[in-house]
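Pasting the structures in now, so scroll down.
Note that subunit A is present in both complexes that follow, paired respectively with subunit B and with subunit C.
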Partner chain A sequence: MTALPLVGFLALSTALFAVGLFGILTRRNFILILIAIEIAMNAAILNFVYFGAFSNGTGGLTGQTVAVVLIGFAATEVAVGLAILLALNRLKGTINVAQATELKL
Partner chain B sequence: MLDGLYGWAFLVPLFTALSFIIVGLAGTRMRRLEWGGWVAVAFAGASMVVGVLIGVGEMVNPGTYTDVRYTWLHLAPAPGPFPNGFTLVVGTLVDPISSLMLIVVTVVGFLVMLYSIGYMHQDRGLPRYYAEISLFLTAMSGLVLADNLLEFFLFWELVGVCSYFLIGFYYERPSAASAAKEAFIVTRVGDIMFLLGIFIYFWYYSSVAPGWAANGFLFTNGTAPYLVGVLGGNSTTLTVAGIMILGGAAGKSAQFPLHVWLPDAMEGPTTVSALIHAATMVAAGVYLLAVTSLFLGFTSTDQLAIVGVGGFTAFFAATMAVVHPDIKRVIAYSTISQLGYMVMAVGAGFAMVGLFHLFTHAFFKALLFLAAGSVIHAVGTQDLFKMGGLRKSMRLTAAAFAVGGLALAGIPPFAGFWSKDDILSAVYSQLGSHPAYWPFFLLAFAAVFLTAYYIFRAWFLAFSGDHPRDLNLPHAHEGPWTMQVPLVLLSALAIGAGLLIFLPGFQSLLLSGAGATGIPPVYGTTDLVISAVSVTLGLGGIALAWLLWGNGRVYALRATSPAQPVRRLLLNRYYFKVGYDWIGAKGVYTIARAADFFDRFVIDGTVHGFERAFALLSNRLRRIQSGVVSDYAAYVVAGLIALFAILLIVAPYVVARLGGG
Partner chain C sequence: MPVLGDPKVSLEEVAFLVLAVVALLTAVAALLVRELVHTILWIAVFFVDISAIYFLLEAPFLGVLQLGVYAGAVTVLLLFGVMLTRKRIFSREAATGLDAVPLALALVTFIFVVTSVGQLPQSNQTVTSYDPSLLSENLFGPFGPWLLLLGLLMMGAVAGSIYLVREGRE
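And then the complex of A and B:
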């Protein structure tokens, strides 16, 4: 445990976030975008865990607790995303976000 | 005796104003159009009764100044342009000169209105005509009674706009519409100068004479001209202001070089010409000069300028009348010329002499115009060379025109003789101390001969001979009684108005007005030599007219005659109108084109440039709103990166430069 410094963990979560962000920006498939969002979010959740573990007990279990709560949030977010996905599919007959331009005024 | 009436002087403009409202609003709804005319005549008659009673009261007890004043607007003293506060008053001032003018305005106005009922009877615009002419009389009598310069100016402008309405009465005719515009625009040049004069008075005298300026430039009842008394006769400011006042008067009274509008004003109905030339419009300019000279005063430079303009105009206008074939225009030029005499008299310091000429001139000029109107009414043309022999079918008109002509030519005992000779001898009496008056005095003298010649040329052309030269003219006959009665009354006045000078009351009326200038007038002491020369010149002019045009003769210049270019020059009015039109067409139009270019390309260009730039920008910007979620996500990321960049790179740099330094 002592061998690895905090910065290495942060580099991992940064890499994960970059992967997620890349997926969000480049994919056109709604499902893949949802997956990419999950990856990016988990990168953030990981940070809470790292900082909780590296705080030497001064913060108690706050970081880990927040991480668990955020996992719950991620689940609800995915549920909402999938609901939108279904509605979109019913409306447009496709899950390609490039064809869903109704957000334009 | 009649002093109690002076407080009721406001009734004079009020009556005609009521007639303006009644005829103007209800005139077209009356069962017969003349009824509106009779209403207007009745009100004008009521005005005349009040006006003449006031005049008689002044003659019985001259020199009484009765000033009835109401505060119209009051500004409390406050720092700024009005440290003493400012009170704008309206009031009526009854004094010798205003009562003299009141007689002229109301009597001539009433007679012209009566005449109009016969003259205008077939016109559909009759209610409009009577409403406008009532307003004209209101404006003029208001101007005459005004007790301060600002009130005077208001009525002055009202007179101007009424003349615009009436000259353009036949507005369907393009020439009438443009004559109306010309009259309005040319007099506007003078009006602006008048206004500048008032500004100078205000700007300068609000410190020298604060109470005076703060009261709207009251015509003070002092014995000496007020401003000259305050500042002495050498003040440059006063000279400039006086020149401005002269400019205003030259515009209204058609003096050189602003004379061009008056002959063209003949486009209006002949009755309007009679009114404009006798009692209203052009009289206002002379009256302004007289009032200014009596109450405020002119410097000696101003006086020379006024004498110069007047004397030159008297001759200059008379030369143009010599060749003109149009009966109305001949009389129009004679008006300009006679106004020149009045202006000259005022300039030489004899305001009351000038106004006396205005008084007699009003009657014989109205008579001449109404007689000419009678001819035009009968034969339907204004061309003298088509008329002829009308003496047989129109005895009354021929006699009336002759009386007017004799009065104009200055043959005793007709009215014009007394007043014109007074002017000539008055100016003559000043020649010793003002040698610069000499050339203008001689010009005015030469104009006496021309005047007699051109007016009798017109008389012989129209009335002498056996039959009209144009055989297609309708058979002439006199107009209805409404046209004949004014001719008879005005003939009586044209004969007798000058003799009023022997009436002690009238004499003292003039004297008490003139007393303010400090220079005694010359009534009764009329210089016999001057009179003899001027009467000889007048008779000579008539004789020449008879030789050339009498008994139906027509004198035609040979086509090769060396005088032809002169004739053309005179017929073209010395090319003044052409010149002014050129200034208007070329000068003003070029400026207007430049302004148009500036407006179109610089101002509009800037505005439209902004518009186009923003349209282009927004066209570009709206494309980023694609509606695609991943694009938006990209913007969010870009914004995030920018935020980090600012927080981490720019902000520390700025803090280091500002906070750290």
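And then the complex of A and C:
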């Protein structure tokens, strides 16, 4: 039987989400923004696993199941992000998002 | 299991503390180093660390999935992104400093959520372990529509990605 502090885990994923949020807001490189999104997404998936692991009964299994589906979603998102990255690089010759102004009026 | 003769500290708690510190440090390092390839190295360590947390929480299937999908596939995809968009792989980024407003926003978010977390019970909770076969039954039983949706989404994403990067568009 393993006993662990749930509050510590929640604090960890909150801190990771804050790091990801900071990265999304400050970085100018498209790849770094993708990585920051991944950090924030991992923090969110971790939360599902915690509440699944720390609850008893079959309802706790739902957390792990949702986490499996979410890992698939996150991988899909990286693939689309990479396609946008390549299209942006071909169009502008750079991956600096400050120069991606195609949709500006 | 007691550690260092102190019955109040268990091996699992020490493991969690180490993993948490490593996760935070690697996440911050990945966003702050100037060399993009080093960023991807740090993020690979971060993904392996998260996988270890899954093993600690007695979710071995998720741990293996994290290793395969994130530490394997996503890291290689990001490396391909660097490789395809640069003439020289090892070239430094222009420095992007620590802007005050986003840093403050991240800190406020952290404090806001952590204070609400403080209302939960502080004591240690027991971790329930589940058989991976139960997980599979759940995934293909009640969560079947989700899985189909995930498959459709991935198919759409593949089609969209190919459309975005195809040759000879205007």
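A few remarks follow.
The rule we apply is simple: the second predicted complex is superposed on the first by the 100 of 105 C-alpha atoms of A that agree within 3 Å, B and C clash if a C-alpha of one lies under 4 Å from a C-alpha of the other, contacts with A are read in each partner's own complex, and residues count from 1 in each chain.
To be clear about the criterion, a residue touches a chain if its C-beta (ideal position, glycine included) is under 8 Å from a C-beta of that chain, and two chains touch if they have at least 3 such contacts.
Computed from a prediction, not measured in an experiment: that's the story for all the values here.
In the three-chain model built by superposing on subunit A, subunit B fits alongside subunit C with no clash. Contacts of A:Ala79 after superposition on the shared chain: subunit C is touched, whereas subunit B is not.
Legend: residue contacts after superposition of the two complexes on their common chain; A:Ile71 is shown touching subunit C, with no touch to subunit B. Shared-chain residue A:Leu25: touches subunit B and subunit C both.
Judged by the touch definition given at the top, the superposed model places A:Ala100 against subunit B, while subunit C stays out of reach.
More residues of subunit A lie in touch with C than with the remaining chain of the pair subunit B and subunit C.
Once the two complexes are laid over each other on the shared chain, residue contacts for A:Ala53 go to subunit C alone; subunit B is not touched. Fitting both structures onto chain A leaves subunit B and subunit C with a minimum C-alpha separation of 7 Å. Overlap of the subunit B and subunit C contact sets on subunit A: residues 21, 25-28. Touching subunit C in their complex are the following residues of subunit A: 1-12, 14-23, 25-29, 31-32, 34-36, 38-39, 42, 46, 49-50, 52-56, 58, 60-62, 64-69, 71-76, 78-80, 82-87, 89-90, 95. Residues of subunit A touching subunit B in their complex: 21, 24-28, 33, 97-98, 100-105. Those residues of subunit C that touch subunit A in the complex are listed here as 10, 12-13, 16-17, 20, 23-24, 27-28, 30-31, 36, 39-40, 43, 46-47, 50, 53-54, 56-59, 61-62, 65-66, 69-70, 73-74, 77-78, 80-82, 84-85, 93-94, 96, 98-99, 102-103, 105-107, 109-110, 113-114, 117-118, 120-130, 134-135, 138-139, 143, 146-147, 150, 153-154, 157-158, 160-162, 164-165. Note for the complex: subunit B touches subunit A at residues 625-630, 632-634, 637.
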